[in-house]
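Following are the structures in question.
Heads up, the next two complexes both have chain A, just with different partners, chain B and then chain C.
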Partner chain A sequence: MRKRSDWASGFIFLLPLLFTLAVAFLYAFVRTVYFSFTDYNLFRITHFVGFDNYVQLFSDPRFMLALTHSLVFAAIVTASQTFFALLLAVVLNQKIRGLTFFRATYYVPCIASSVAITTVFVWLMNRRGTINWLLTAIGRNFPFVALGLAVVIAVQAIQVYWDRRHGLPARALDPVHLGIGLLAATVVTVMLAQFGVVRPYSMAEVAIPWFTTRQAFLGIPLPLLSIMMLNIWTTAPTMMILFLAGLQDVPRELYEVADLDGATPWQKLRYITVPAIRPVMFLVITLGLIGTLQMFDQAAITSGIAPLESVITLAYYVYWSLFGARTLPRVGMASAAALVLAVLTLVVVLLQRRVGFSERGWYS
Partner chain B sequence: MRRILLSVLLVVLVCSVGLAQEKVIITLAGHSVDTPLMQDVLARFVVGKIPGVEVVWEPITEDYFAFAMRTLAAGTAPDILYLDVYWAREGAETGALAPLDQYIAQSKILHKEDLIPVLLDAFTFDGNLYAISKDFNSLVIYYNKDMFDAKGVPYPSADDTWLTFLEKIARVHNPPEWYGICLNADAARFLPFAFAAGMPFLKEDGSAPFDLAAAKYAADWFTIFQRLGIGVTSADIGFGWPGAAFVAEKAAVVIEGGWLMPPIRGENPTLNFGAAFLPEVWQGGPRGNYLFTVGYAMPVNPPSGRPDLVFKVIEILTSPEVQEYILKSGHAIPSRKALLGSPFFQQVDPFAQATKTVFEATALPGTVPFAFGAVGGGNYMTPVVEALTLIMQGEATVEEAMNAAAAKLNLALGLK
Partner chain C sequence: MNEERELAPVRYRGRVYYVDAQWLARRRVMRKTITYSLLVLLAVFMVGPLVYSFFSNDPLSWPPKLASPKLWPPNWAAAWSLGVQGAGNGWTGGWAPGGKIEFGVAFRYPGGDTDPPLPRAQLLAPPYELGVPNPVPVTQAEVTPWQERPTEDGGLEVAYKVILTHQGSETYPLLPLAIIGAPGSKFITATLPPDSLSTRVSGTYVTWRNVAPGAIGYLFDHYVRAWTTFKGEGGRLLFPRWIGNSFLIAALRVVITVVFATMAGYALSRLRFPGRNFLFFFVIFTMMIPGQVTMISNYLVVRDGVFGLSKLVGLDTFLNTFWALFLPALVSSSAVFMMKQFMESIPKEIEEAARIDGANTFQIYTRIILPLSLPAIAAVSILTFQGAWNEFFWPMVVLTQPKKYTLPLGLNYLLHYYQAGATGSVWNMILAGTVISVIPVLVIYILFQRYFIEGFHLSGIKQ
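The block that comes next holds the complex of A and B.
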């Protein structure tokens, strides 16, 4: 009797969530499945069309392009943001001066509006924008940078060789030697520049059309690549917070033992940190895959200036099918595309769980 | 005494509740950029004019087409919504918009004869009128007089051909201070030139026309400014749209409509500018243009439940007084015939002159409504934008890009 009342009270507590799920998810999902087999246009259904929408979908080059873009986007962005987030988290997990400031600074891109950040990025990456200006500056000053680097390497090598020859334990990247090398590099570069021995490289202004182009780099359209960079920059800090939380749980003793064994920072990361935070890694990758497969807002904003075919993703294709053509909304097609996206997301997450990181912790 | 006081209070309360219930709220949803103007118009001309009615302005920042379709389908559309000629046919096809013929027939203020016929036709489908045009616009060449004077180049004029116009742009180009022309890969700007060159909307067999020689000729001309380095896109120089580059005096010429005047007036009111018709293909040859118009429409079941009062608000918003006020404030050209002879058009002020040019351009032969019939504007224009982008960036030849655009539209039309 008591068990039954427990069950009832548990159910009552769950009811609000179940109701929300039933209305916002189950009902919407069933309707979407139904619409995907009809020619519904938001106002009326005139025909049950069977699998026509799905057949049309897979014969539409724009859909196939959106599918490819979404998969490439998800793979590259998830991998990159996970890597950078972990790197940031490990760095910010150290006891360094001004830790709170750095944590807050790195988190800023996450709390800013996606629309605002995308707009700023579009501005920075315009043909005569800051990014191209920076690339031009780097390109033109390359001879100075190369010369300085060569002097630093040469001076460092000489100093380390000298020390070791005299029995002193000099490290390859000894900071004091590095400082002397940098000083020498600055003096040599400035002098040679003054005498005109080294001159800026004469090159045309870099004018990469980051958004208004169909050019591709390694098969990825430049506009999509730009969105990828933007997305990694804005999402990595959120993932960093998750990693930071995970890192707090890694026992300090493990690192102390590793230090006693003479492990390098890389070995500690590879053999202690990463295995210890596997459940967080699973969460970060899963959230990353879901988020990137459903990326919409940045594609929508940049589609105003970039060719649609360069930025279209599956989520944006769904919207395009509804409102983009400026015909009565093709809800049937959009529903079919939305279901393909849902199934794809599920399959990719399950695949990742099977062959990549699972939620099972190191200790289990 | 206390009882009497309580009774009086109760009566006052009941009366005020009753009065409050009688108040009819009419919602008017429009583009968010119209907010200052519409709030001004509502305050000046609507508040208190219809007893018991309060009109609430709802600025819409999202894609208006998506907003209209979504709310019409859900039955949550505002009492008055904008109907753009661009997708007016689709709006009418929803069956969720009320034909306004019966209301206009009974109206003492608004008669069909008062409105410019082409604007009535733009919103008439199957004999039913679905919106009252609030204003209209067309494209003109805006030019910065100071820049042309500085370079000693004659201003663009109605006599310009595509070639003379190109020559003027080349001569006025003065980077990095200013660029000859700021022109985006925009189908709404390109298509009037393509139509002027002889491209039909669709071929006789109903297929895409973009692979015709006329379309390629127009595409070649339209993109030559970027290819010669005498023109830029707004994204190239960090502006959201070409008009912003013109207002900031970074472009000597842009192709825009009357909507450019409020930003000039607001952000750079001393800008020394002029406006001219789009150039002719050749001397005395054809000239194209688009007629843009937006009207006030009403859903079949307006949320206020008072279609009669909703129409009264539309009557006021399209009345001669309001239209004259909007005209004088330089925002748009009114849809009433009577106002076309307004003394405003005779003023020498650059805003009045530009407004006059925009208006006169709509009456030129070759001006067609910015509408795409059953094809769908998105289906029609997206391949064109992609083709123009490729050509402008030098990533495809005119031939390749326009053939690809034709193939894409054919696919959307269900023709392989």
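The block that comes next holds the complex of A and C.
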């Protein structure tokens, strides 16, 4: 058969795509580059200013703040959400009933809009909100928790030691022993609490102003930290779905062989699971980095509630220099900042591929 | 009798043990129990905050109330009965002429007070709208002692009957009430749980937003208020409008995306033309470019009416119109990517057979490719709907009038508008609005779960 070439029909089919790419990407990109070298402000006659915008940008403390925030945010959130998502996926990757139900349930935070989720969290993280109340409760009941944990560990150790001495292959986390340990811990804690031997720790009510503050924790502004927490919570499920799909492709035989060799669950995770899902890991980390570096929504939503300096990120800085500041729109600065963000995304993603997880599979 | 024990092999640390089968079975059951407990715990962690905000009744109370009285069915019955007494309507309640409500309330008086003064019942103005004063319903309130009993610590508990009689000729949608107990008294219980409770020197103030709510008026009070309270210019209700806007935009986006993305996906996966691979690479590349880079120029393009195209529909600018929402996202790169990935898995032979039968490219697209791509189309539609429903950044750039807002913008507007002095009742409405905004995607998610997962597989795994 003659080799066809359907460039005519191809062109018609691709027309909408080509229009979008040409106008909304190419034209837009070129214009943004052009604006970044001018002092355009939507109204005045435009002058070419060379690299002035970039120089100004890097001497603007707000921009440097936004840059640091974006980088810190991307590093911490990507790492934590990948870890948390992998944990969720490993827990879910079992042959048990009701798996679809749990998978569906864990995905719920992902389907709500960022505004809805942020609103709920602004409420929960009120100075006198539920999160602070829970923290207070945990802090005050800490002696009981610690006692219970100690009892569980002690009882577990005794039982496992006993079993092993009698030739039974008891694992360190033997489930039946764990159950007995939990029961014993409950009884002991309740008893000691009844007789007043162990008392709740008396501490003041936790009143952390999660959003409405300029305080920082470990150099990270508290509002940004709050956004990190809620962001990890909302994005981890997406990553979990990707991991689950990857986990289901790992050959079962690998685990069976490892069992024969007497591998512990941790070793199996470290030496089989993680290498086998390398391609998914690459995807998750890359998507995570792109998403977190370009975080805008939460910064914009909380910006009126938290101080601007505590939540500003690169993406929000771009918007803010155009529409947020009480000056004329600084199109040049905004364009330069947007390009910095684009280059940063590209560099970080490439760097990640180089030194972190690449998309190449391990056993392929 | 020598009972033979059943043995089962267990591999552990490279050795094989033979253990009692029951020993092993016990471990299996226990492991399952622990796994399920863990799964349930995680489920609470993942959906807890949302469910909690669905049901929260008194959002700013301290300590926070984890359970709402609205979850307690006897209260629904009480609300129904009060609605019937107030306006003969058990569903939505109200305060109509001829209404007569018997309302019970009980206080405790500690320490030797044998003849405590009667609590006062005070009718309040219904806050139909924020900041607008309203007349107090013309109503007579009469408080009579009903039952009393001494408490163990020498105090006295008294239950009162409060009889409210409608005296005017107007119908009110709400009947707010305050009952003020004598100083030092403690509120115990009432026919309907109060909305707020405060102890002051002058007395114990117990207030209800509405003592004739009806079942729906009681359960969905915040939702009704969120719906009816926020008004834009000309007194138009904002909430229904935002919902309408969101639905309209999301639906149009789905249609446009499906049509254009299947067309582009087909061309990229099946048609041969120079530059195909480069174009596909470019599509992937655009997914990595932050929206902020293209936003600046796109904003200007939209402001100038997309090279004058807006003149065709009689507008000078597309700013603050829904047209603006479609320009930069006419074809979404990720949808094209997904469609292309899926269409590549359709066997080529089907297409070739059709071509031999004389079908042209367009016929192949409509008759063969589209019907075979239905699963991918479903996945793309659902993800597009969700994306459009939740979209925040671009609408925020191009829409600046509250009446043009979509739901996320509207919620953001409310959050910012009220954040300084948000009272519990405003928070109630904002949270109710949040819930309203989540429900459509939640329903779609529950119905079409499978396709969400499918969409992920298309976009991620099959590379």
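Keep in mind that, in the parts below, the second predicted complex is superposed on the first by the 306 of 364 C-alpha atoms of A that agree within 3 Å, B and C clash if a C-alpha of one lies under 4 Å from a C-alpha of the other, contacts with A are read in each partner's own complex, and residues count from 1 in each chain.
Everything that follows uses one rule, which is that contacts are C-beta pairs under 8 Å (C-beta built on N, C-alpha and C of every residue); 3 or more make two chains touch, one makes a residue touch a chain.
Not measured: the values here are computed from a predicted model.
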### Task
State whether chain B and chain C clash or fit side by side on chain A once the two structures are superposed.
clash
### Of chain C and chain B, partner touching more chain A residues
C
### Task
Quick one: classify A:50 as touching chain B (first), chain C (second), both or neither.
neither
### Task
Return first, second, both or neither, reflecting whether A:251 touches chain B, chain C, both chains, or no partner chain.
neither
### Message
Just to be sure I read the superposition right, which of the two partners does A:61 touch: chain B = first, chain C = second, or both, or neither?
### Response
first
### Query
Between chain B (first) and chain C (second), which does A:209 come into contact with in this model arrangement: first, second, both, or neither?
first
### Task
Return first, second, both or neither, reflecting whether A:21 touches chain B, chain C, both chains, or no partner chain.
second
### Message
On the A-aligned overlay, A:122 touches which partner chain: chain B = first, chain C = second, or both, or neither?
### Response
both
#### Entry: Which of chain B and chain C A:322 touches, first, second, both or neither
both
#### Entry: Which superposed partner A:305 touches (first chain B, second chain C, both, neither)
both
### Task
Return the residues of chain A at which the contacts from chain B and from chain C coincide.
42, 122-123, 126, 128-129, 305, 322-323
### Message
With touch defined as at the start, can you tell me which chain C residues reach chain A in the complex?
### Response
10-15, 17, 19, 23, 26-27, 30-36, 38-39, 42-43, 46-47, 49-50, 52-53, 59-60, 62-64, 66, 260, 263-264, 266-268, 271-274, 276, 279, 282-283, 286, 288-301, 306, 327-331, 336, 361-362, 365, 386, 389-390, 392-393, 396-397, 407-409, 411-412, 415-416, 419, 427, 430-431, 434, 437-438, 441-442, 445-446, 449, 452-453, 456-457, 460-461, 463
### Touching residues (chain side chain B, partner chain A) in the complex
63, 65-66, 69-70, 72-73, 86-87, 90, 93-96, 184-185, 232-233, 235-238, 372, 374-379, 382, 385-386, 389-390, 392-393, 395-396, 411-412
### Task
State the interface residues of chain A toward chain C in the complex, per the touch definition above.
3-7, 9-11, 13-14, 16-17, 19-21, 23-25, 27-29, 31-32, 35, 42, 88, 91-92, 94, 96, 98, 100, 102, 104-109, 111-116, 119-124, 126, 128-130, 133, 167-169, 171, 174-176, 178-179, 233, 237-238, 241-242, 245-246, 259-262, 279-280, 283, 287, 290, 293-294, 296-297, 300-301, 304-305, 314-315, 318-319, 322-323, 331, 334-335, 337-339, 341-342, 345-346, 349, 359
### Query
Which residues of chain A touch chain B in their complex?
42-44, 60-61, 122-123, 126-129, 209, 211-215, 305, 307-309, 320, 322-329
